[in-house]
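Next up is a structure, given as structure tokens.
A, B and C label the chains in the order they appear, each numbered from 1.
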Amino acid sequence: MIEANAPRQGQALPRSAGDRPRLRPAARPWAEPSWLGIGIVAVAMLILPWALTLVDGGNYVTHLIITFFVWGIVAQCWNLIMGVSGVYSFGQLALFQVGAFTTGVLSFSVGVSPWVSIWAAPIAAVAAALIIGLPTLRLRGIYVVLLTLAFHELLRNWITTGPQWISGGGYGLARVPRLGFDRLLGPQYERVFYYYTGLVLFGVATYAIWRVLNSPIGLAFRALRDSEDYAISRGVDPFRFKLFLFAFSAFFTGLAGGFSAHYNGLASTSLFDFGVMINLLVMIVLGGWGTFAGPIFGTAILTFLTELLRAFDLYRILALGVAMAVIAVAAPEGLVPVLTRAFHSLFGVLFEADEPPAT
Amino acid sequence: MLKVTDLEAGYGGSQVLHALSLHVGDGETVVVLGPNGHGKSTLLRAISGLIRPSAGRVEFNGVDLTRLPTEQIVGSGVVHIPQGDLPFPEMTVLENLLVGAYRPGAWSERAERIEKVFHLFPALAERKRQLARSLSGGERRMLALGRGLMSKARLLMIDEPSLGLAPLVTEQVYETIDEIKRSGLAILLVDENAEHVAGLADRMYLLEAGVLVREGAAADLLRDEALLAAYLG
Amino acid sequence: MEILDRLVQALYSGVLNGSVYGLMAIGLTLIWGSLRMLNLAHGALYIAGAYIAYGVLGGLGLPVPVTFALAVGGAALVGLFIQLILINPILEKPGRDSAALIATLAASIIVQSTILLIFGGQTKQLPPVVDGGFKVGTTLISYQGLVVIGAAVVCLLLMTIFLRASRLGLAIRAISQNMDAAKLMGIPIVPAFVVVMVISAALAGLAGVLLGSILFFTPSGGFTPMLMAMVVTIFGGLGSVGGTIWAAYIIGLMESFLAVYVGPSWALPGIFLFMIAMLVIRPNGLLGLGEVRRL
């Protein structure tokens, strides 16, 4: 059994989480989600798109939420690799595009039904991940940065300058078939079904990632990040874990890419732009590098913030850069851990502690 | 000269040194004996600033060195010759020695200092253009000592000079340390084995589990039968 | 003869590119060697040099060599700010590897978007120091190109001499070979880092200024040269200056030969594929400093 917290030779036992004063479960209902709470949120999520169709501009909000679903998946996947297991891969966007263009080419240029071709997206992404991963993941951190950046560039180059049926003249495929939801209840309700599809994908991906994070594999990943040498000495084989992880996150990323292509009706080469990667990175860093809720939180903030700041588009990237810089220097763990701690310490004053604080 | 008071230090969550106090006088050679893993290296590293003490005070000629960055501690004349030698592998012997004279005061005198070091360690002179990574264990040890002497050291702290060396080379190393001692430099030496230091030490301390359990004039401690049994051979 | 023509073309662009890559890669390898950090802001510093020169020329109309010198100084200043504000504060913290990545990435975004805001996104070019050129066969060899090569070679030589023969250079090499030992020699570590960053930024800025008079540039134009510089740095061995200089010219020539003999769109992919192959077979590069332990 992998014991990620076992002591190293010559060192005392590290203090475990139990040393902090903890509130009794009954005293902090916000930490333990009740089934009722989840149920209410779930129902709300299901009703929401319908409610939005009745509101002016609600369609646009639905679009934002769908965008949140797509990038939320990608952000969580990237976080799983970079934040949780400490593999500095910059290839996530490329894998997304592999998904998008695979299904795009199959459905647009070849003529396969989008409902079939969309499944090729995650498979192609996993294949690509394995191809990159096999040589790359054996190497130490900085080389991974380089190789994944190189892969990104290579793919961008290849797709942009490729034949018409891939590159669409350099900008991407512009008339990717959509999923035909407009035939169900009419065009004004089309988005609702995209919403549900996105919700399902997001839910499945989030759940899968949550399960992985809390499984022995997840512990192993965190051990890898905290001390690779120690984890190796305890029998964790970093390479196989990293490869699995890489493929796992590629699967959902590719799926998100495929869905995005069919939702937006296009597979665009502009998604290779560095700005998009920065956006994604901020989602992870802002929310909480290496945490579970962090990327979800970060994606949500960024998606809705982007809309608010649409007028200031030029300044937006600058602001993102500044935000990232501030976080890197002041709060490298991201907002979620910082806020969580602030929350705990604030409310810890108001409620009795379970045990006396450790000295 | 050097006054350490109630020093506490450790790594990560574990504390290695407990309320440790010692002193080294002008021109004195003080030896700290102790078994492996009991904090000898930690002691020197805490004094030279490679690790930060969590409590206590290090004073050298009246100056408080306790939480200063290493470069200032070295600047005040406390030179630490570390365990494992830590040579600069891709530099020649000559370059290694030159780095030792980095501080401005020593740099201007570097030519003379190199002469002195070569005089003390003829083997280094022969190999002055050789890369440090190709030196033998004994040569590395000499390089480490020579490098330490390149600065304007007033107190030399040496960590286990005999570690990993063949008996013959060990003899030479201690003889050289004796010569250094005779030149008037104060020395704080930590070692596991009392055999070679017997002739060198003016005063001795015993370090066990991060605590100094005995101290006294070397002559006194060395007469102790039990001690001789534990720390010789 | 066509064979000779292509050869000359490939050699000329190869040496030209190699010189510029060398300037950029030296900075990267110094930063890696001493700070153990990958500087993702390097491309931004490169392009900042070009833009500062452009801005100074347009705004102040100073003679070209003065402008270029100012641009290099400007890039060095930007590097100084980055080091003081973003990097020094995180040096002591745990998890500083990822924090450094994010911090330098953030710096890169800030610099690039500031340039975009000030200068706009259209491509620009700098006027050459010297006009004109001569032809060897069908290849045009511009005097400016020779100036670039000359300036780069001189700088590379100066850097090598600096590192080998000066007290500060010795200190920087010491830090990159063994940080603890360097501390024990009394070398002030944080100021040394600042010096390394400033030198590195100046070299990157110089590369940008030099190449800016030959190629067009845009605010995001620093990314690909930075990537190539990283390839060079790894090929030459992280932390090894001599190896890096060799690697710069080898990669520069490789790129131009690929472009001339196989096709321009094969140059970059070819280099990257080569790099992947090299990393799999010989991860320490040409003259690397042994096992890279952190990052």
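The rule is short, and it goes like this: a residue touches a chain if its C-beta (ideal position, glycine included) is under 8 Å from a C-beta of that chain, and two chains touch if they have at least 3 such contacts.
Here the structure is a predicted model, which means the values were calculated and not measured.
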Partner chains shared by subunit A and subunit B (touch criterion as defined above): C
Chain nearest the overall C-alpha centroid of the shown protein atoms: C
Distance-maximising chain from subunit A - centres being C-alpha averages: B
Mean-CA-position distance for subunit B and subunit A (Å): 53
Centre-of-Cα separation between subunit C and subunit B, whole angstrom: 42
Inter-chain centre distance, subunit A versus subunit C - centres from mean C-alpha coordinates, in Å: 33
In subunit A, residues with contacts to at least two other chains: none
Complex contact set, residues of subunit C against subunit B: 167, 170-171, 173-174, 177-178, 180-189, 240, 289-290
Residue ranges of subunit A touching subunit C (in the complex, touch as defined): 82-83, 86, 88, 135-136, 139-143, 145-147, 149-151, 153-154, 157-158, 161, 274, 278, 281, 285, 289, 314-315, 317-318, 320-322, 324-325, 327-329, 332-333
For the subunit C and subunit A complex, residues of the former touching the latter: 32, 38, 85-86, 89-90, 93, 95, 97-103, 105-110, 113-114, 116-117, 220, 223-224, 227, 230-231, 234, 238, 265, 268-269, 272-273, 275-276, 279-280, 283, 292-295
Subunit C partner contacts - residues on subunit B that touch it in the complex: 48-50, 69-71, 74-75, 79-82, 86-91, 95, 98-100, 102-103, 107, 147, 151
